[in-house]
Amino acid sequence: MNRGSLKPVIFEHAVLSIGVVYSIFPFFWMIITSLRSSGDAFNSDSLLWPTKWDVVYNYTQALLTTPLPRFLANGVFVCGVILLLQIATALPCAYAIAKLSFRGRTFLTATVICCLAIPFQAVALPLFVGLAQLDLLNSYFALISPFAVSVFAILMLAQYLRGYPDEIIEAARLDGLSEKGILWRLILPASKPAIAAFAIFSVAAHWNDLYWPLIVVTEPDLAPPTLGVLFFRSEESGDQTGPLMAAATIVTLPLVVFFLAAQRRFVQGITMTGVK
Amino acid sequence: MGATLSICDLTKAFGQTHVLSQISLDVQAGSFVSLLGPSGCGKSTLLRVIAGFEAQDQGTVSVNGHSIDHLPPRARNLAMVFQSYALYPHMTVGENISLPLEMERLSPFQRLPLLGRYAPGQRMLMADITAEVRKVASVAEIDHLLDRRPAQLSGGQRQRVALARAMVRAPGLFLMDEPLSNLDAKLRVTMRSELVAMNKRLDATVLYVTHDQTEAMTMSDRIALMMGGQILQYDTPEAIYSAPAHVDVARFIGHPSINCIPALNDAGVVVAEAERCNIRTVEREQKLTLGIRPEAFALRPAPTAKAVLGIPVSLDRVELLGPEVLLWCTAKRTGRVLVAQARAADHRSMVASGLLTGSLWLEAYGSGLHLFDPSGKAIPIANALSAETKAPLVAVS
Amino acid sequence: MGATLSICDLTKAFGQTHVLSQISLDVQAGSFVSLLGPSGCGKSTLLRVIAGFEAQDQGTVSVNGHSIDHLPPRARNLAMVFQSYALYPHMTVGENISLPLEMERLSPFQRLPLLGRYAPGQRMLMADITAEVRKVASVAEIDHLLDRRPAQLSGGQRQRVALARAMVRAPGLFLMDEPLSNLDAKLRVTMRSELVAMNKRLDATVLYVTHDQTEAMTMSDRIALMMGGQILQYDTPEAIYSAPAHVDVARFIGHPSINCIPALNDAGVVVAEAERCNIRTVEREQKLTLGIRPEAFALRPAPTAKAVLGIPVSLDRVELLGPEVLLWCTAKRTGRVLVAQARAADHRSMVASGLLTGSLWLEAYGSGLHLFDPSGKAIPIANALSAETKAPLVAVS
Amino acid sequence: EDVTLDVMYPWPESKSFHEPLAQSFMAANPDIKIKFRLSPPDYTEATLAIARGALTGDLPDVYFSGYSELNAMVETLSKRKQTVPLTPFIEAEGSDWISENFGQALLALGQVDGTQYAIPFNASTPIVYFNADLVKQAGHDPDAFPKDWDGLIKLAQDIGALGNGISGMDFSVGAIESDWDWQATVLSLGGEMVSADGRTVGFDNQIGLDAMKLLQRIANDTKMNVAAKASAYQQQFFAGKLGFFVTSPSSVANFTKTVGGRFEMRTATFPIAAKTGGLPTGGNAVAITAKDQKHRDAAWKYVKFVTGPESQAFVARSTGYMPTNLKAGDTLKEFYAQNSTYATAFKQVGFARPWYSYPRGNSKEIWAAQRQVFDQLQRGSITPEDGLKRLVDATNSLLQN
Amino acid sequence: MTAISQDTMGRYGAMAARARSEQMAFWCIGPAVFLIVVTTVVPFATVLAFSFTDYQLGDAGLNWVGLANFSKALGDPQVRQAVTNTFLFAGMVVPTTVVLALFFALLVNSRTVTRRFYELVFFLPITATMPVMSLVWSFILHDRIGPIARLLQYFELPAIGFFSDPDFALGSIALIAIWQHTCFCFIIFLAGLTTIPKEMYEAAALDGADRGWEKFRRITWPQLAPTTLVAALLTTIRTFQVFELVVVLTSGGPAGRSQVILYKTYLEAFSYLRIGYGSALTLIFVAMVCAISLVQFRIARRQQAA
């Protein structure tokens, strides 16, 4: 029982609050701006609170002048499939790197790290040409396939799994579990916190990705959610700040919901105390 | 049904640490063999090599006459209880126990998470499995815990789950690493007889690591006594106790430990630090060790004629062990601490009759005496007659 | 130096599982108290509440008369050996043991990772610490392992490290959770006497969880017998053994377990399933339990006059336990299994003289007999005379 | 048989006028379907999309190219002989059609090496946006907005003196993604971007030096904040804290919305010092990239439609762009009379000059080198002379590269 | 059976175990390796090939130029500046990010009631749609009308040109990058913290190492070391790959002071369409980051092993 005194707790909250402000101020501004009229956004006399509200206009603009709902649905589908594929490919690989000994393990680890260093922009063009030759441009396949494996996921899960007790895996082998069974029945449930963390990165990254969709997709029906924001963004003729922020808020919202779902996973944590 | 296990010249080192050196062991089908030995002598490692988790450096492990070194653990048809339990942390107790059965009995399709339930025959098989799990859980007295997770169990409960998980599978060979170490005496007795019963019922072969002599003595057909990565003696419990092949075995077995007295071999006559000693041997070694079991000692107010060995001592401390007492004495000449064991009732009556007040002798009468050569090997005692006819020998220490 | 520990009305539940109910316990300064009880009865939980890892639902824990409920574990000045060892996996054995000393003796500056080495006095203090670590490590026989990591140790070695880590700190109160369960008999004896010596040397108070009765009996000043979250008896080892306050205590203590026979109270005369029974009681209860310790039974070829209780039996099985034998018998009338304990030598001579061939009687002679009322509480035996003067009573079962 | 036209335009937000135009086109031509491609976020991305399309043979049928990107498009397409010169279509329309609808200066914007590859669709020359309220506060008359730099600088000084975080003007030449402001400065002073042979820069002379001096003077005298990005001064303007700045008239509609009623935003013409002066024209032209004749014919219909008087008037009204079609001016007369902010661009039509684009698609790289010089120049860390020398050296070396 | 044959039998067993392990590993890594090869290795090999040519995007043909692109890159002062800036940037961002994330993760991890709230809050930046968020940041850090500028004005401090002052531009972008990456590390750390066994802290609590620094140094940090390695590695790589922020906020200005290597590469390849030269720069970049990452990884592994 650790009934600490109140003082350090208050101090901790104070320190955390600084981080809170740093972290959410941009979002605060985004949301506030999505509620006020575009002109009011830069109103220097009332920076933090609208003087002229324009909620309905901003949000109807965001939803009606663009096929945003369609984009959101695309996003859900593409991100969902990408995430599933990434976990399906990365988890076994991470397990092998962390828990199996095989020739070339070091080499594989080094390759994984090096692949992480390769910026996606560098390989985008060859991938594009490849997909074009297979006549697969303008399809969900083109949006998904380059991300079917994530070296980041491999590295992160491998590092996480290193802490999993070997004895439990051994017990499972005796109990007749094949490696597939071990993966499915032990490693997968045990990696939930790491998978949840990774899921957040993966989904957030692909949800917000504009670069690749704009390369392989010319069909508006396949466009990603973020494109909905671009309809209000223009360096040449000035941003429509209100609808822009409204669209951004709408695009961000599903991610927050997704996080709340994933959050339960790592709050739970997995107690790896099946062993002494 | 039980498997024969035969281990041949097994050697294993972790880097510079040599853990097993040339272990050989033959376990008959259906027999119950205990591995007994001090902490760190390599018992767990031996089990792990047999199970296939560690590859040996040399030597072979065969089951039913065929080498299993190339087989993965899964294919070795054995169950193991881990010293560290190794329960699946995210599964309930029930799931932990039923997993091996599901793997054995259900087809891959029947094991599918949601769909499996609709596979033909799955329900019946699962009902069987659940019933078996319940049965083995009630034997281990954990049937009320089936829905808990390992983290919510006490140490002993975890151990029982680990035991139940191994028992439920009923393979030909069981490897058990101190499976009862965290259980209380009563439960232990229950589990012991349950294990022995299982051994007989399934005709399964059991290799059982324990640090508890009583356990090893009462349960095993044979005991393999390990020390420093070697098997010093592999014999029946009686033989291990009454005819130790090595001084370390004699020392290790028996509680309290055997009394050891350095001795010299004077042309076949053993010269020890006793007042009188009438033991002979045929071996040639000069320096010997004389071992006397505590219960072979009797504490007497005066030397008696029957004794082959008598040491004048003073009584330091009496320790009550339920129906027994331990008498801790100091040899008057050498200051060596010696211990004798007696029935509490006998002791009480001796105290009552005032016999334990003056000077005292520890005496031995021929049985429970052992001689060992300098390398520790047991050597035969040629004769151990009453000392009456002999002059007292000078004690050496 | 040792702390007094007093626990008052402690209650604790995990959700729906009631683990401790109204535990009260007073431990005198410098005494060695064992917590004995079946697996899952709440021993570890009690220690964890005392250490401050779990908050109790009700009740207080006081040390030296002051409640410590508000203190964090660190401020409670106690050391604990965990049932699961809880070693720091990333530190060597040496670092594991020296950590508590470093925290205690070095100033925050001296503890700084690299700089600390240049802090004044740090070297000398560290040298002291290292010396102490070596000392305690050699007591636990792990001095050759100081540079290993926990993962490279055997089960027993890990346990010894955990023990050494607690011992090195020498605080006023030790909490030990089955600290010797994975050690072999010899090491166990060493560690036991070392723990007792430490208890005396430091005048430290020790609260010691064990499932090993011998341990509890030989080491403790007092034993607290826990069952189902309650303390059934808190007394000296002798009293616990020879005057159990409850039938469960009597059953739990003693190995093999006490023989229990249902009995009826026929106006002060106890009617049991024996041929002859001459025991009386002053209590009124109708249904009683009669408990007879195995060593209180003697196996006789014919009934004797001195006996207060005699049961005709057949001998099923003889079990050798080193110097003792267990005689497993079946009562002829009721089929109940009864066990008696005898010296192996006595048994051998009886066998040799052919006394154990015909019909046999198990007899008891007054000592080692206990009566319990229906709720399990012990009730006094009014008299237990020789049965000679009494006519045989009809056996009930 | 129906034809479907694949149309690609940059800037997603342009949907607001492309969509209605397509609707009315399809209403008029039921046999032609217009299908828009996903819109690239800017001119550069659009060029890349075309380059990728050329690589995979998946080009749109109609493409709206930024004027400065036209070079790159033609270069890319000509390598695979995919260019579609518009000359045959124009000739087929009859000799007068082109001159009746388009002025020569604007038409030139759609030519590469003398060949007409595109018809101008949007056009703009830089204009001044100002905060009439601040002008008034500073004691000036918004109706008599200065027409030369001296007047503007004085005005900016006065506005800047109001304090409270208010700045007078911003003309950070290096802050935008192209050399539009720089070309405007040079051209308005009567200069040229390249020499006649096209091998060296045209501002390595007194005019160039004057331009450099002017830019430094503006920054120094008005205590201008040299911005790294245009959004910085735009935001400041919307906040009511900036007197005036220069940008494209295409933003008039958006800016008006954004400013709302918080202050009065007005526009003024860009100061043109020299009689021969001009202004670079921004915006985009519509080109045909269809493969087969059938699509090309349909595409031409669409090109004609969107560059026609009604369409142009519509675009001008909804954005602020100047109409590229001569006939649209008539339609818009009334509108301009009522909306003076929109009219400013039209007033400058006469000064419209091609926005010079360096050969071999080098414009962006040249600008990347040039903008650093302007940044330092306006911060006062180099003299105009040094600046000009560096500018000329950097540009020439890349020109001949 | 002779001693020799037993010996070989034993080895055979060990070999069989090894072969088994290899076979299992093969099936586990197979799909991932195949996809890595197809989606990264092969495309990157093309990049490698292009780096020896003068290929221009849209060209139909190309010429082999050997190492010319590389020698040009080595002599290019802009490249040199971009590399310097990138290292400066990483030097500012990586340590700050890792330390901040660790610090906040530890604080949040010890919260009970408010934990979910803080988690959500610190996680938010990862959802950021960067085109929007950089706009928001450009406003927050606006040197005249932004909230920070107003604060400075209020205290009568000199205004800071966050993006326009050559001395501040890179730092300002770093500030946003830290904002963007801290949540990323934060989540990794939080996931890592869940794996530390509770009883470790209990033992430490008795040993007196249950507070602040000591608890951190003796228990948390060593147990978290692998996690920290991953966090630092990923942050380093992501930091080196910065370029969107630069595009939106400064375009590399003022005066090239916020020019970074990947932006330069992007410009070369996709603005100036010089795929050949851009590929060479990419290659240099990847080699650099690989080297740094592998060294980082090695050091961390060695420390873990020691």
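We call the chains A, B, C, D and E, going by the order they appear; numbering starts again at 1 in every chain.
Convention: contacts are C-beta pairs under 8 Å (C-beta built on N, C-alpha and C of every residue); 3 or more make two chains touch, one makes a residue touch a chain.
For reference, the UniProt names are A = Carbohydrate ABC transporter permease; B, C = ABC transporter ATP-binding protein; E = Sugar ABC transporter permease.
Quick caveat, the model's predicted, so the values are computed rather than measured.
When you average the Cα atoms of each chain and compare centres, the chain farthest from chain B turns out to be D. Two chain pairs, A-E and A-D, are compared here, and A-E has more C-beta pairs in contact (counted per touch definition above). Chain B and chain C, compared by their mean Cα positions, are separated by 21 Å.
For the pair chain C and chain D, the distance between C-alpha centroids works out to 93 Å. Annotation: 56 Å between the Cα-based centres of chain A and chain C. Across the assembly, chain A contributes residues 42, 44, 210, 230, 233, 239, 270-273, 276 that each touch 2 or more other chains. Of all residues in chain E, those that touch two or more other chains are 18, 57, 135, 139, 145, 150, 197, 199, 270.
Residue positions 52, 72, 83-84 of chain B are each in touch with at least two other chains.
Here chain E touches chain A in the complex through residues 18, 21-22, 24-29, 31-33, 35-36, 39-44, 46-47, 57, 100, 104, 107-108, 110-111, 114-116, 118-133, 135-137, 139-140, 145, 147, 150, 179, 182-184, 187-188, 190-192, 194-195, 197-199, 226-227, 229-230, 233-234, 237, 240-241, 262, 265-266, 269-270, 275, 279, 282, 285-286, 289-290, 293-294, 297, going by the rule given at the top. Chain B makes touch with chain A in their complex at residues 48, 51-53, 72-74, 76, 78-80, 82-90, 99-100, 103-104, 150-151, 165, 169.
Those residues of chain D whose C-beta lies close enough to touch chain A in the complex are 6, 8, 11-13, 15-16, 36-42, 45, 49, 52, 55-56, 58, 60, 165, 177, 230-231, 234-236, 238-241, 248, 250-251, 253-255, 257-262, 319-320. Listed in rising order, the residues of chain A touching chain D in the complex are 37-44, 52, 65-66, 128-129, 132-133, 137, 210, 213-215, 217-220, 222-223, 227, 230-241.
Across the interface of their complex, chain B is touched by residues 14, 17, 36-40, 43-45, 83-84, 152-157, 159-160, 177-178, 181-189, 211-214, 217-218, 237-238, 241, 251-252, 254-257, 293-295, 319-324, 341, 343-345 of chain C.
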